[in-house]
Amino acid sequence: MDDLAQLTEANQQFRGYGLVRSARLAQTKKGDPFYNLTIARGKTEIPVKVWSDHIHGREDEVKQMLQEGKVIFLEGDTSTYQDQLQMTARAFRAAEEDEYDIAEFLETPPEPIEALQEELEGYLQQITDPLLAEIVTSIYAKYKKPFSTYPAATNNHHSFVGGLLYHTVCMLRLGMDVSTRYPAVNKDFIIGGITLHDASKVMEYTSHIAPAYSVPGEFIGHISMSSMLVDREVQRILAGRGENAKLTKLEQEAVYQLQHCILSHHGRMEWGSPVEPKTLEAHIIHLIDMIDSRVNMAERGLDGAPEGEFTKVFPLGKLYKPMSGDD
Amino acid sequence: MDDLAQLTEANQQFRGYGLVRSARLAQTKKGDPFYNLTIARGKTEIPVKVWSDHIHGREDEVKQMLQEGKVIFLEGDTSTYQDQLQMTARAFRAAEEDEYDIAEFLETPPEPIEALQEELEGYLQQITDPLLAEIVTSIYAKYKKPFSTYPAATNNHHSFVGGLLYHTVCMLRLGMDVSTRYPAVNKDFIIGGITLHDASKVMEYTSHIAPAYSVPGEFIGHISMSSMLVDREVQRILAGRGENAKLTKLEQEAVYQLQHCILSHHGRMEWGSPVEPKTLEAHIIHLIDMIDSRVNMAERGLDGAPEGEFTKVFPLGKLYKPMSGDD
Amino acid sequence: MDDLAQLTEANQQFRGYGLVRSARLAQTKKGDPFYNLTIARGKTEIPVKVWSDHIHGREDEVKQMLQEGKVIFLEGDTSTYQDQLQMTARAFRAAEEDEYDIAEFLETPPEPIEALQEELEGYLQQITDPLLAEIVTSIYAKYKKPFSTYPAATNNHHSFVGGLLYHTVCMLRLGMDVSTRYPAVNKDFIIGGITLHDASKVMEYTSHIAPAYSVPGEFIGHISMSSMLVDREVQRILAGRGENAKLTKLEQEAVYQLQHCILSHHGRMEWGSPVEPKTLEAHIIHLIDMIDSRVNMAERGLDGAPEGEFTKVFPLGKLYKPMSGDD
Amino acid sequence: MDDLAQLTEANQQFRGYGLVRSARLAQTKKGDPFYNLTIARGKTEIPVKVWSDHIHGREDEVKQMLQEGKVIFLEGDTSTYQDQLQMTARAFRAAEEDEYDIAEFLETPPEPIEALQEELEGYLQQITDPLLAEIVTSIYAKYKKPFSTYPAATNNHHSFVGGLLYHTVCMLRLGMDVSTRYPAVNKDFIIGGITLHDASKVMEYTSHIAPAYSVPGEFIGHISMSSMLVDREVQRILAGRGENAKLTKLEQEAVYQLQHCILSHHGRMEWGSPVEPKTLEAHIIHLIDMIDSRVNMAERGLDGAPEGEFTKVFPLGKLYKPMSGDD
Amino acid sequence: MDDLAQLTEANQQFRGYGLVRSARLAQTKKGDPFYNLTIARGKTEIPVKVWSDHIHGREDEVKQMLQEGKVIFLEGDTSTYQDQLQMTARAFRAAEEDEYDIAEFLETPPEPIEALQEELEGYLQQITDPLLAEIVTSIYAKYKKPFSTYPAATNNHHSFVGGLLYHTVCMLRLGMDVSTRYPAVNKDFIIGGITLHDASKVMEYTSHIAPAYSVPGEFIGHISMSSMLVDREVQRILAGRGENAKLTKLEQEAVYQLQHCILSHHGRMEWGSPVEPKTLEAHIIHLIDMIDSRVNMAERGLDGAPEGEFTKVFPLGKLYKPMSGDD
Amino acid sequence: MDDLAQLTEANQQFRGYGLVRSARLAQTKKGDPFYNLTIARGKTEIPVKVWSDHIHGREDEVKQMLQEGKVIFLEGDTSTYQDQLQMTARAFRAAEEDEYDIAEFLETPPEPIEALQEELEGYLQQITDPLLAEIVTSIYAKYKKPFSTYPAATNNHHSFVGGLLYHTVCMLRLGMDVSTRYPAVNKDFIIGGITLHDASKVMEYTSHIAPAYSVPGEFIGHISMSSMLVDREVQRILAGRGENAKLTKLEQEAVYQLQHCILSHHGRMEWGSPVEPKTLEAHIIHLIDMIDSRVNMAERGLDGAPEGEFTKVFPLGKLYKPMSGDD
């Protein structure tokens, strides 16, 4: 067997590649160190034990190898413990980058990253206000790389590599639809607000592969950090205009509205927004965010669920998967 | 003056037409009857007193004439009472239908009723499931007339003649947009659910001109009544199929899902839905309902509001109207 | 041993009857099918494993035999697994209906079903309004059989065969008491409302023996379905009166009030009622429902609990069982 | 005119008796003192102005005369101010106790106070536990007089002279009914708990005629004070048993349960109970309290309300008064 | 009369100075412009009408003169309208700065501004971490002037000139006390967090004299803006360190903690904090804020209230003012 | 091994002392009795099995020996069960009081009990009102012993021997600080209210060593019981003053305020206070209680937690432990 998906029962022998999703160093009662790993390929995951005899004498090297997000070549044997399939490592080494295609090991969006980036950049070009365009485009340019790989959440929805970009583009599509339906809507804020609303998730999470909340994520949160990114751009632009330069009244209003779209996008104070929506666009962005995240949670939650039944999908509650067949 | 909008101060004389928006019979301390009317034309409204000498001896005729929704020809004099402009009637009579154009007296949707009906009927034709199509189309056909004149709410949003139809069509447009974006969405339920979600508001309110909650509106509510309309259609169709006919399993599932979209469209139990959304389509309908009603509340609430300021718009809270001019 | 209650430790041999309370087909890691059963007699329950050698070659027959609610004759041996007593089947067959008395296998109300039915029917005869009497009596007649066997809840209170009937009669008794105390109360609605308030639980649950939420139970709920049953009766009665027949104003008011008693009986929107009580009778029915269900929860929760201590009884919280003895 | 109910318009002359419901001493802008009175007879109330010329030189005497709850003989003239009928005093004097029958001036329960007392005392005799009987009877005996005249609430329900006694007896009736239905219920706690649950409202309100919250009512509240009354009886009884006497274990349990029934009778912490119900009897007392108070609120709120309509009854919300007539 | 406090009844003539607290330009029904002013001195306020004949021909000059915060010299006559004392202007002019002492017209803290500033600056010098010290000191220095004049709230607590400074110093005193009691507390964050927690209220309100919420106050709020001020300082300091300079790990941690103390100081998400306290110091700052604001609300709310009674003090609810005298 | 802290793996032999923290008598499936003990020394705890052969024939003696809070001398062998270290008793006997120092077995406050008592008594002497001083001092004197040993909570904060005293003194220190800052605060209520606010926890918990909620703790709660202690003192003092003695008005006000400080100290009804704070001192005591309990929860929760990370500390949520080292 060289594909994790083939492992289904005890006493199978495995030789193949796997992505380190998590690695925790622990100790036996005797004080011997060992690793609890989770090794993954696509959606398949399996726990792996690495006992001390594979660690002894090369502690640092092993620690380096077994970091979240690394791919290793692994030999091991399966067993079951408390009805759970697991593997015990017999040998392992770091995999060279040319040995594998990372894309095989990671869950990714249903559309290519490049196409999504291109589509998003197309929307950015539709921003008509020059100051807004400069702010949004500049932030996007600075963070384009992590923005294209980070997930949109650690759980629940869009929790995969590229999830943040995909979620943002899906929201932009709905945003364009809604703006078209209601002429009173100012597309600049729809595009700018959606693009930036979760942008600082690249700082809120620790990594794009095994994301957890970072220290600034816990202390400050993406809502405040995204708004702060706007402020930094404004300070930079003003500095470029010369000492004591100030925004015009309309520019100032536009910046406030953009920050407001970001700060209010959770919709309610008890959901973590320090201010609640006070513009048409802020209301719309909040509701579009709810549509796209719920659709994604539903699709992921019902994936593989039985037809004609209700499945619990956190945090949505029970969801029904309709029957597909003939009567 | 023959237009209510011309009345701006005391001691003006009026001769012209007005719509009776409300009429309450009261008594002076001496026991003499008099009427407190509200007379309207478009968005202009003025309170009118009709003292007992205009009522005496023709009580029934006057009562008939002064019903909500009737148009009268009225002569009167303005005065101010506690800084409020009002009128005292000198003479009045019922207006003949050919004397006036009702459309001048009522607020209406920004698009023609016929066009909205046609558009809605076009969506109904896109329902692919024959049973769902029959249920939805039949209910629409039965209630088409009031459905096209009733408001979607007594206050806040779409509270005008035709508001229910307009709100429904606006939601259908968004529903088609969203369905197009997410292929997993079943358009049949989007179209059917949106069309029927508020349909029984034609029973929940007392009239389309001066709507108040009716007795079944208070006791049962539009959420339950709309679902009941579906049940009646199902019973009718089954009766047509012969004694003891039953729905197929897939038909039954479709009916349950349709009723569920209706029953859950307020989104949460504490907002009046006896069940919370458990299908993808039910979630989407709820959120689209929030978008369209909030956009309408915002537009109506900011209509005439000062630019560059925050205005209280119930129940949304404060809303900002952006500045339009040059800096 | 031929009584499940006698099984207390490992290595006992059993030959006797048992009710299948639940049966789930599973697979060993090797792919062999086996059944996880729960076998019950009265309040005693024991898990039973049926391995594949007892299934192989007669899959359909076994599936038929091991359905929830069936009684089987079973031979097996006890063992303990993780401190839990269980049995492994050695042989089993379907029991013939004349071999056993189902009443020995099911928990039932403390009063005979027939007496409860009779008592309930006696109350129905006290309804004075002819239309209400016809509606309520007709629904009861149609559903009398499941109404007399279904539980009133899947857990917590009256969750036994006949629980729905018993809960309804207990509420009717309190309803008669309260009506007698307050002459302003209209007994028709007390009797009709209580009789129907949970009536559609016969549709909300999947079976009376091992009840779970059915598809319409999840999508529509018993509150809406019970109200719909009233609507169907009204439609049927109107159809019998001839084309375009309509209810009189008083009849219509009575029907709305009856439906309102049903729809509002959870007392608050956040507890699942789409409308909150707006009549004296609706308020009383809601509170009587709370009394009878809490009393039942308390009695069941404290059954077997230690005296002089507090026991957790979901969802009531802690409950105290007083000391009985001498000091 | 000598009956307040006859006053309906301006310029009537009154000579007759009235109960002072409230009296507030105020000052004109010039600094002259005057009184704003409310004078009542049964349910009729009218505001009365007493200008300074009727006060000057006999300030103390007037203050004594115009206290809440006193009856005065009054001459005055009616006028209307802002559509509101009022009276200006021409002369007034204290009424002697033999001049009038206080019962004509106060709203009272629908049953005679003596009969209610007798009924309550009959229930007390049914308490079987001697300690409980002594505690409850002793408290009742001490406070019998105010207990029989105070209201059960300052507003909403049973807010009339004798309301507390009437509410308590009505609850006891329901309590006996419920206890009869469920044999597990211990009648001692039902009787004792209901009798005492609101007993300290005689301290929580300032008076039985024009009740407001007293200082201990605000600071401590009737829930805690009623429980404290029980504690004082226990201390008194123990003192009578000799130094260092202690309750037996069963006595102690009974006292705790009685106090618990009192402390938990609001049912939830957020409704003001420091502990939530943890005995069967505590749950029942809370729900019976809700039934009797809601029935009373409904009856008072719908008294005089129009038939066939919904009336707002604080704090119940809208209530419907059914049509009585023929169709 | 030349002091507003002397005006107590109609027909008094006034010649003296007053502070313009609010000025709204309105129109009579005829279309003539007039001003509704509120003129104040200390805590005394009186409404003043300025009719069009005093405006005509010098509109701009008058507009300039009647701005919030200006002091004018005014002649006028009092009258009463609906029991409310008001004044009609006969003449008015701008007051020269040397004609009056502004301190007489404004409510101020009970301690001198300079002493409060000095005390605060003393605390700042106790910050031991050099980066934190630089950030906090620099922000304080930049905003020292408005920081010393703005209120801490538009209503309720510390709503007077200098209220923000006074509230901040009072909190710092408590902060020093608490830090002394618990050695685990890091004083740097207590001092820095308290100093900055409300600092951007100088942007959240429109002015220090007649404060209302500004546009950024509504859109962004002081919680986010205060955190942003910290970010700007960090950016400035990094820029000074050279291109691509980064904070050390400990510096970064300190900045995050400081921002966290600011962002979390409302204590709960539903009270407007986007993150809830996650450090010891953040918890303490939140609770100290509650103590100082409640004490101030209580003192202001009970100022002038009757002794031995309960007074409603928004938003605290009822508060009791103890009796002071002898028994 | 003679110290529980030395036990780290299976097959160790122990001979030493241990405190019985909990002891539950159970039965094997065969019906043999055995004990599940928890034995502790300081913060170390280990589960111990005592099988029936060590119980048989000396049931009463063993029961006596194995009570919570007793110290025993124990011999046993360790083993692991489900990764959990446990011990099986080989022999055990009661330890004589002179064999051990109880202080070694119990967690205690960081300051000596005697010093805390002395400090508290010093505060009591600062109460100026003689009646208040007598009430508070008398209650303290009566309960001084348990007051000095009980914990302040069963979990979370100050849950150790002497925790109640320590928590009270810590609050008194803050109370003195706050009173000094705000002269309007009446120190008598701060000292008296804090001293008594949790005093009846000595009744609410079953013991100071292995505290659980007692029957009166569940039924009445410490909030009501502490207020009742005040009432008992008042009754005692009045009795001493002679028959029918009454408090003066100022005395009465003081007693109500003291009880109010106790009853309202949870701050909100939903947190268990039957009345919410209505005096300045009541507000302050509630907030000081929150500060001291949160600080203690944080310190205990972060004790031993990793630096530079967030740790879940119930019920505070996540807490960050700062890094201590160099960068």
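As written, the chains take the letters A, B, C, D, E and F, and residue 1 is the first residue of each chain.
One rule holds in what follows: a contact is a pair of C-beta atoms (placed from the backbone, for glycine too) under 8 Å apart; a residue touches a chain by one contact, two chains touch by 3 or more.
Nothing here was measured: the structure is a model prediction, and the numbers come from that model.
When the interfaces C-D and A-E are ranked by how many C-beta pairs touch across them, C-D comes first.
When the contact pairs of A-C are matched by residue number across D-F, B-D or B-C, over half of them reappear in B-D.
In this assembly, the chain whose C-alpha centre lies farthest from chain C is E.
Over half of the residue numbers at the interface between copies chain D and chain F are found on both sides, making the touching surfaces mostly the same.
Chain geometry summary: the mean Cα position of chain D and that of chain E are 46 Å apart.
Counting partner chains per residue, chain D shows two or more touched chains at residues 215, 218-219, 253, 257, 278, 308, 310, 318, 320. Chain pairs that touch one another: A-B, A-C, A-E, A-F, B-C, B-D, B-E, C-D, C-F, D-E, D-F, E-F. The residues of chain B lying in touch with chain E in their complex are 8-10, 80, 85, 308, 310, 318, 320. By the touch criterion given at the top, residues 170, 173-174, 177-178, 181-182, 184-186, 248-251, 253, 257, 276-280, 283-284, 287-288, 290-291, 294-295, 298-299, 308, 310, 316-320, 322-323, 326-327 of chain B touch chain A in their complex.
Remark: chain D residues 29-30, 213, 215, 218-219 touch chain E in the complex. Considering their complex, residues 215-216, 218-221, 223-224, 227-228, 231-232, 235, 253, 256-257, 259-260, 263, 269-275, 278 of chain A touch chain E.
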